[in-house]
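Order of writing sets the labels: A, B, C, D, E and F. Residues in every chain begin at 1.
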Amino acid sequence: MESREELAKKSREFRQWYYGRDPKLSPVAEPVAEAFQLINETLFGHIYQRPALDVKTRSLCTIAALTVLNREKQLPGHITGALNCGATKQQIVELITQMLFYGGYPCTVNSLQAAYETFQAYDKEHGKS
Amino acid sequence: MESREELAKKSREFRQWYYGRDPKLSPVAEPVAEAFQLINETLFGHIYQRPALDVKTRSLCTIAALTVLNREKQLPGHITGALNCGATKQQIVELITQMLFYGGYPCTVNSLQAAYETFQAYDKEHGKS
Amino acid sequence: MESREELAKKSREFRQWYYGRDPKLSPVAEPVAEAFQLINETLFGHIYQRPALDVKTRSLCTIAALTVLNREKQLPGHITGALNCGATKQQIVELITQMLFYGGYPCTVNSLQAAYETFQAYDKEHGKS
Amino acid sequence: MESREELAKKSREFRQWYYGRDPKLSPVAEPVAEAFQLINETLFGHIYQRPALDVKTRSLCTIAALTVLNREKQLPGHITGALNCGATKQQIVELITQMLFYGGYPCTVNSLQAAYETFQAYDKEHGKS
Amino acid sequence: MESREELAKKSREFRQWYYGRDPKLSPVAEPVAEAFQLINETLFGHIYQRPALDVKTRSLCTIAALTVLNREKQLPGHITGALNCGATKQQIVELITQMLFYGGYPCTVNSLQAAYETFQAYDKEHGKS
Amino acid sequence: MESREELAKKSREFRQWYYGRDPKLSPVAEPVAEAFQLINETLFGHIYQRPALDVKTRSLCTIAALTVLNREKQLPGHITGALNCGATKQQIVELITQMLFYGGYPCTVNSLQAAYETFQAYDKEHGKS
């Protein structure tokens, strides 16, 4: 059983690498900081680290879920993460398109728009026009 | 541009292989058979065939979507499909577990139950106890 | 402004005609009977009665909503209602099929199954085989 | 069986008439253009054309689905389409209001706001104040 | 049985107190004003008034529902209402955090952001910095 | 910072008391037992224990969320939990009824049915007819 310190360390490092930064919650969450600490240790310190499924596949599956749930604001973070895991832009676009048949045309259109904006920001940050 | 005949052939063959059978719609759908023919040509004859994303990843992403949408009745088909694509049982279980953080604890519990029943049926059909 | 007595009377009569019976809530709802009385006066005694949109169209729109929300248990009542409003079986099937592109393939398959069972029960009750 | 060329032609013409323009996807979708071509042939070239259900009813049912799914960004297109099909503003407002009882008060409020903005843009484009 | 006049009066007074104002619908809803009158009489004039569950608990439960459904635009009104009912900021934040396990991480992050903005507006209006 | 051992102990004890038993996951989840251990430590060992919001209110809010998400299979556990926290049957029924205006009529009807069955099982187990 891993200690909480180990999990916290893995969570911080993973988030920094995956998102390209360690996303901060709103200051309103300060009183529940301990709860989010545990949540992040569990999700990023353990689950995304489990070797039975590679991180790239985990990331693409998260994008699939965010697409069908129409969670547009969370897509940029996970699309960035997928690119950092080695997924190609086309693979992300393929996946979002396929989701049309599970979550409907509207969520696919909204998610493609999120992908477009995220790809542009990603290229700018990584020095491609 | 592929002809409809080619797409229809690919759709039939893919569904037979992926699901282990060509699932039939309720007889109530007979008047809209042409619509479902086009839908299946598009989804199974084209989208699942596109080489930019491998079928195993496509299948796992569909399971992610079905999990967070709590579509329990469609999980057995796609879990069977994922196994036929070479996904392991553990990979499917890993994925459903991860979805707890995107669709909630209830949809993960329901989907694990669907996985359990599907794995048992799959093993029986493939001669494992 | 219509009185509550008028709305209650219209609600009872509409429900009896539309569903072919006045559906009873679970006995657990007895302490909130007054709340449901008001809800039914509003929805069935007023909204479904408003002449600016005909009841058949209102009923089909409700089926569209139930389909994309995957509310399988409520479909039989409203499919029965649509038939009682003069919608044809094919129109109902057309509509559920179209919803595939807004709520996904799974909700359409589940709703077609509900339509199949409802049509059979309806025909039996109305003396068709 | 209609050829893909016929379906593509019908799709283009229908979208141009229904939306008042042929909506373009984000440039990010270029690698999946063939997939969207097939999707549009199926949905707009075939399903919306099927005579068993008139286009005005199909359009209102789509608005019902978009309302309960809270897909605010897709409502302007389909509200425009419904008006182009001959639906009145009041019918659209009636429908969105009825959906409160299937998708909840919030989605109805959001969709009424979308209707308000779409009606204003529609009137401006068609020369009414 | 309460008369509609009594319910309407209670609804107006409750909304004024709970939201700090009587929220107006879009002008587009004018033709359905009678329907919304009945809806508000039922929900605010009766249901929120029922003594078997206190208003503070009712308000927190509504925030829970809005969180898991990701209805961001309706959260400010009900968070304001919960504060007016005597809920503390921390209780609201606790609740939204707990919902992560039922509606997923994204809806919790979005709702915390809505809480942050609502708390700031509330403090400004009530003369706290 | 609490140790994982402390959290695990609190989680076990809370679940045993709240649900009246420690619910077991499907055997299929054995390979992800460590992940669920962390999830339960976080949710039941920490979040439900946080004193800023009492457990009864937390439980009612979870029921609100399950109702609007139509998660029928998870309602019996949390309705049992709410009763064990001192909520009355009527309070639970009041809450589910109120949710009609946030998640729609169908999810309320389904959840009332779940409440009915759970109350009967609860009374039987606790020696009331």
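Some notes on this structure:
Basically, contacts are C-beta pairs under 8 Å (C-beta built on N, C-alpha and C of every residue); 3 or more make two chains touch, one makes a residue touch a chain.
Because the structure is a prediction, the values reported are computed rather than measured.
In terms of the stated touch criterion, the partners common to subunit C and subunit E are A, B, D, F, listed by label. Listing every chain that touches subunit E and subunit F alike gives A, B, C, D. Homomeric contact subunit A/subunit C: same residue numbering on both sides for over half of the interface positions. Chain centres here are means of the Cα atoms, and by that rule the chain farthest away from subunit E is B. In terms of C-beta pairs in contact, A-B outnumbers the other of A-B and C-F.
Overlaying subunit A onto subunit E using CA atoms gives a rotation of 120 degrees, to the nearest 5. Taking each chain's centre as the average of its CA atoms, subunit C and subunit D sit 24 Å apart.
With centres taken as mean Cα positions, subunit C sits 31 Å from subunit B. Centroid to centroid, with C-alpha atoms defining each point, subunit D and subunit F lie 40 Å apart. Contacts with at least two other chains are made by residues 31-32, 35, 39, 43, 47, 50, 52, 66, 68-71, 90, 94, 97, 100-106 of subunit B. Judged by the touch criterion defined above, the protein chains are all mutually in contact, each touching every other. Remark: subunit C residues 1, 3-4, 7, 31-32, 34-35, 37-39, 41-42, 46-47, 50, 52 touch subunit E in the complex.
On subunit B, the positions that touch subunit F within their shared complex are 70, 89-90, 93-94, 97, 100, 104-107, 109-110, 112-113, 115-116, 119. Of all the residues in subunit C, the ones that touch subunit F in their complex are 25-29, 31-32, 35-36, 39, 43, 66, 69-71, 73-74.
If you check the complex, the residues on subunit D that touch subunit C are 39, 43, 47-48, 50, 52-53, 57-58, 60-69, 71, 88, 90-91, 94-95, 97-99, 101-103. Those residues of subunit C that touch subunit A in the complex are listed here as 68, 100-106.
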